[in-house]
Amino acid sequence: MSKKILMKGNEAIGEAAIRAGCLNYFAYPITPQTEIAEYLSRRLPEVGGVFLQGESEVAVSYMIFGAAACGERIFTTSSSPGVSLMCEGISYIAGAQLPAVFVNIMRGGPGLGGILPSQADYFQATKGGGHGDYRMLIMAPESVQEAVEMMMLAFPLAEKYLNPVMILGDGLIGQMMEPVQFPDDLKSEPTNKDDWATNGMDTRKSNSRNLIKSLFLDPELLNNNNLTLKAKYDRMKQDEVRFESYNIESDYKVLIVSFGTMSRVCKTAIDNLKAEGFEVGMIRPQTLFPFPEKAIEDAVSKDSCNLAVSIEMSMGQMVEDVERSVKGKRPVEWYGKCGGDVPTPEEIMDVVKKLRT
Amino acid sequence: MSKKILMKGNEAIGEAAIRAGCLNYFAYPITPQTEIAEYLSRRLPEVGGVFLQGESEVAVSYMIFGAAACGERIFTTSSSPGVSLMCEGISYIAGAQLPAVFVNIMRGGPGLGGILPSQADYFQATKGGGHGDYRMLIMAPESVQEAVEMMMLAFPLAEKYLNPVMILGDGLIGQMMEPVQFPDDLKSEPTNKDDWATNGMDTRKSNSRNLIKSLFLDPELLNNNNLTLKAKYDRMKQDEVRFESYNIESDYKVLIVSFGTMSRVCKTAIDNLKAEGFEVGMIRPQTLFPFPEKAIEDAVSKDSCNLAVSIEMSMGQMVEDVERSVKGKRPVEWYGKCGGDVPTPEEIMDVVKKLRT
Amino acid sequence: MSKKILMKGNEAIGEAAIRAGCLNYFAYPITPQTEIAEYLSRRLPEVGGVFLQGESEVAVSYMIFGAAACGERIFTTSSSPGVSLMCEGISYIAGAQLPAVFVNIMRGGPGLGGILPSQADYFQATKGGGHGDYRMLIMAPESVQEAVEMMMLAFPLAEKYLNPVMILGDGLIGQMMEPVQFPDDLKSEPTNKDDWATNGMDTRKSNSRNLIKSLFLDPELLNNNNLTLKAKYDRMKQDEVRFESYNIESDYKVLIVSFGTMSRVCKTAIDNLKAEGFEVGMIRPQTLFPFPEKAIEDAVSKDSCNLAVSIEMSMGQMVEDVERSVKGKRPVEWYGKCGGDVPTPEEIMDVVKKLRT
Amino acid sequence: MSKKILMKGNEAIGEAAIRAGCLNYFAYPITPQTEIAEYLSRRLPEVGGVFLQGESEVAVSYMIFGAAACGERIFTTSSSPGVSLMCEGISYIAGAQLPAVFVNIMRGGPGLGGILPSQADYFQATKGGGHGDYRMLIMAPESVQEAVEMMMLAFPLAEKYLNPVMILGDGLIGQMMEPVQFPDDLKSEPTNKDDWATNGMDTRKSNSRNLIKSLFLDPELLNNNNLTLKAKYDRMKQDEVRFESYNIESDYKVLIVSFGTMSRVCKTAIDNLKAEGFEVGMIRPQTLFPFPEKAIEDAVSKDSCNLAVSIEMSMGQMVEDVERSVKGKRPVEWYGKCGGDVPTPEEIMDVVKKLRT
């Protein structure tokens, strides 16, 4: 593992991709993640990689498609409105079963909104902004170090499932500086690309030719493609759920569900409340799809637990998945804010105290 | 009310918009809904309206923004990939609180997919394909007549809530011919546009100037905008839920939830099963957002009811909202297909019979 | 004729189009001609016309194609970089033999350049910015009144030749205010559109269907299309040359050739020089294509005339056509500036005096 | 020099760029030059280069701008309509004084036209398709070998003048196979990029920072930029004129001016006519800008010479430059065709014989 260095989240994300073995990055600038492009425009040439600024996010999404189809590791980064422009492309990439990594450093919306942190693209990320039945594997880091590790994991996961993977961060992750290490053991090389990529047709090696497409005019073939996708998403639900439990061994009365940097604030609130003698547990989904439904169902089922609350920097999106997970066993509440001001620990403490009564 | 005439769904949708008082239509062609553009390119000039084919769906979405901002009634139609390209624009329109009507005649996906009917854009429509916290009011017609009525309702609803409204149909609705009537009492005129539209600044009439924007750099103002939006969506949940109950007075063992043309097949299956002595009830959401959560919770709570099944032409999307609604009171199953072949009544009958056991 | 009113050039150009019977205007804003769009966005709705801002100049050029193909009178306005983006579209419109009117209110170039007046798009306008053998009929006004009259003539000329017509002005024409009259006798109605436009196919009236295209894969057919175009351009050279002679009856020693607002400065210089006893003549091309070759050849052939000088707000473009016209009979010089500063009468006087020696 | 290998023109052009030291190629496919992209998509990765297919020719032109601004050798290839879409970008690149190489493998126009050979983009190439006062250095190869050599020269010439260079070929050049050698001595490395490129700011080496722009809002600065450009074009006229003389030592009665593959047909015609005792000379411009004005003036001035004829695969474009060069000393005729059928030697012989009479 590399030694610890102090880095800004956006730069660490860029460096992590390189360390993971991805030397292609296409993007279009947008606040609050433009530093990734700035960093990589300088770094990638040093390591023989390619940085390319596309004409628009729409253009970038199809360059991603093209590079991925050729078997190249590829990723892009953007922020909320930019990701909306990629929705069609992401659907095509998922439909064609290609690996690619997307990073969304969310800003406040809808529309132009603002440039401060937000988590309001939860729905877009997890339920598919694009059309058709597809899912992305979504990981939400809480710290710069976790962002680095998730980035490095994203490429092999995308290749394992031949599916887009998204890192869903927020402006805080992108802008804050923290010490990071780049784990050597997360370096990986794509090994299976000859099986599917259109990476040149060496017909001496193989009788068959790889074909990449999302068009299936025959309804049976299209249904089959969708069944194949569904089977992958079911496997993800089986194998890829990641979450962190916090203060879950206590006799908590309230279960918080939160993700990303919001969780860090919640942890402080939980610690403070504990000091006051009020126990609160937390499940922090690290993967938003697949969602830790079982973990939340189990956690809320604890006898001491009276209710669950989804705390989000949005007007209530993840709360729907919490509701589904809780299956009516306890009341589910929501608290959130959506404009860039991150709720403070004190605010969370007040919210939880009020909910108790 | 006009006399009954036999019309193709796509043409009836176009005509309904005109009858509703909308004389502006911007679109980009895509199967299976291009007949709407074809019809309106001929009809709109006859009534002094404007048909314009944009450069792309991205372009169209922003022309919609522009026309809506000027206080003009405006709508567009597209199909799945085209709607994905409008995701950013829809988020901007919602963020700027503008009325506009979108029609998605869904085709199979993801990606290019196929051109046959599908319901796989349920998530995109109801959870927001675009970024940020916004919702569209979504109506899903089951017949050409209902499509006409929903179209005519869509414009005053969009204006009432200053929010985009979407008609979510499928290729069957667009392609089939049925007798339709255009109800005179659904004609309406926008009455409130001087309050918000940038329709020329007659400063003699008013001291204030209307301003349309989705940018709020101040986090408090952006949060306020989101609270305003949330309040509208809460009002929609209160006032705009529409659904149909079918065979709900019987002692049904299974509750089907299905929407759009899928429901018509389910009705035949339910009738056939009833003849066999097996009672099945159905809730057909006519609005997908707001979703008839309470109706489904109530229906599934009936003593005779053992389980709910969401039947969809997708790999399982609405089923998540059914799960949320059912709150763990009964098991929730899903059955679906996604390639263009519409499940037959016999297939539905088999599925329901198997679920019973 | 209407009474005289004081109008800014840009607004007068917009009004002239309406008076000429053109109710369709699609454009994308760019300094120094955005006032045309601003004016027409207000005026066109008053007269039942359509104003539409496209996504880009590329998009606009193809909307022009579409509207023209349907037999609608249509025009757009832009400035230098915007016109470059229309080059492909203009070539298609010329190739498909459609009438349309383009206005280029030139600004300094190349690239972004500046926003002050320029005449440096002479080559682009007269030699075809787009690919292939085509020409536009180009008119260059010297005053707001002439701009109005050229605009009103442009539509019937475009329809007479089924070819794009361009008004090539500069920022001065667009920005200055002058009294103008709109001549009633320049109103016109398109009369021949049923012969060629795809304006709906009433097969009861006609056995044949109009077809608009620029694609001719058979080389003989493509050559024929080019011969048809060439024949039109030859007819333009025969019938449409327009120019103004100034002080041409004197025994001028120097012949100035200049166009547009540059000519007004030259006239002052010529008057001043005449007062000093130094005679200078001028030919002012009002059409740049077809170019008044014969007039210039004749004028330069006068015994008293020692040389010709092309005075342009560019680095020397029209001078090539002057050279061709003069056919070696006299030396041809060029004087120009290209940055936004319009040469003054004194500067022109100095230049001419120096050339004499 | 490499040994002779048989290559298709399009592939040889691609290979020549690599041999010249250019490892960046961005393009959008269009017949009849798509083989260049196909070839380079395979070849560039082998040599560590970058092939990128842009979203459109507009997008490509600005990617070229970006890469050139960073000091990277870069080129693109397209065909007529695609080049029209690059007109704005080319003007920006010229205005910002950046080196870049464009290849236009011309097809029939205007509009979609056809896919067979043409020379009808002569005007667009030489007079600036884009806006403003700029020129490209234009080279027109007659054979695959010459295309290779011109490609290899193009990069150092672009860097010498900090100006775009265009290779203007036609479908024949692109499609035909000929033996070619890649001259080692035409390999070159850019040496001056630190003087102007925005290739990272090592402020230890230099106090000044390189700035790339085409915007000069101050009219004096914009005029200065144009004077700088004009001085470069004057130097090109001085130093870079290239042409071939054919049968010029004979007492020719007619002087043909033709370029590119058209010249090869003319040479056969000239040989055949010579055998019949009828002498015809030819000047073949290898550079179209700068144009060999003096060579043509001299050649036409020969006592035996009665007239000049410009023979082009267009409706008469280069003929204007021939007229300017001839300065009225002899009549100037034109012969051409524009649809894809290349005039045959017999046809040229007939034309020349008729002109004589």
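So that you can tell them apart, the chains are marked A, B, C and D in the order they are listed, and the count of residues begins at 1 in each.
One rule holds in what follows: contacts are C-beta pairs under 8 Å (C-beta built on N, C-alpha and C of every residue); 3 or more make two chains touch, one makes a residue touch a chain.
Every value quoted in this text rests on a predicted model; they were computed, and no experiment measured them.
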**Message:** What's the minimum number of touch steps needed to get from subunit B to subunit D?
**Reply:** 2
**Request:** Averaged over CA atoms, how far is the centre of subunit A from the centre of subunit B? Could you give it in whole Å?
**Result:** 29
**Complete:** Here the gap between subunit A and subunit D, centre to centre from mean Cα coordinates and rounded to Å, is 49
**Complete:** Where subunit B touches two or more other chains at once, the residues are 58
**Fill in**
Among line, ring, star, complete and other, the chain touch graph is ring
**Asked** Every touching chain pair, please?
**Response** A-B, A-D, B-C, C-D
**Item:** Touching residues on subunit A, where the partner in the complex is subunit B
**Value:** 58, 80-81, 83-85, 87-88, 91-96, 106, 108-116, 118, 120-121, 123-124, 127-134, 213-227, 229-230, 314-317, 320, 323-324, 326-329, 337-341
**Asked** In the complex of these two chains, what residues of subunit B are touching subunit C?
**Response** 42, 48, 50, 52-56, 58-59, 62-63, 66, 200
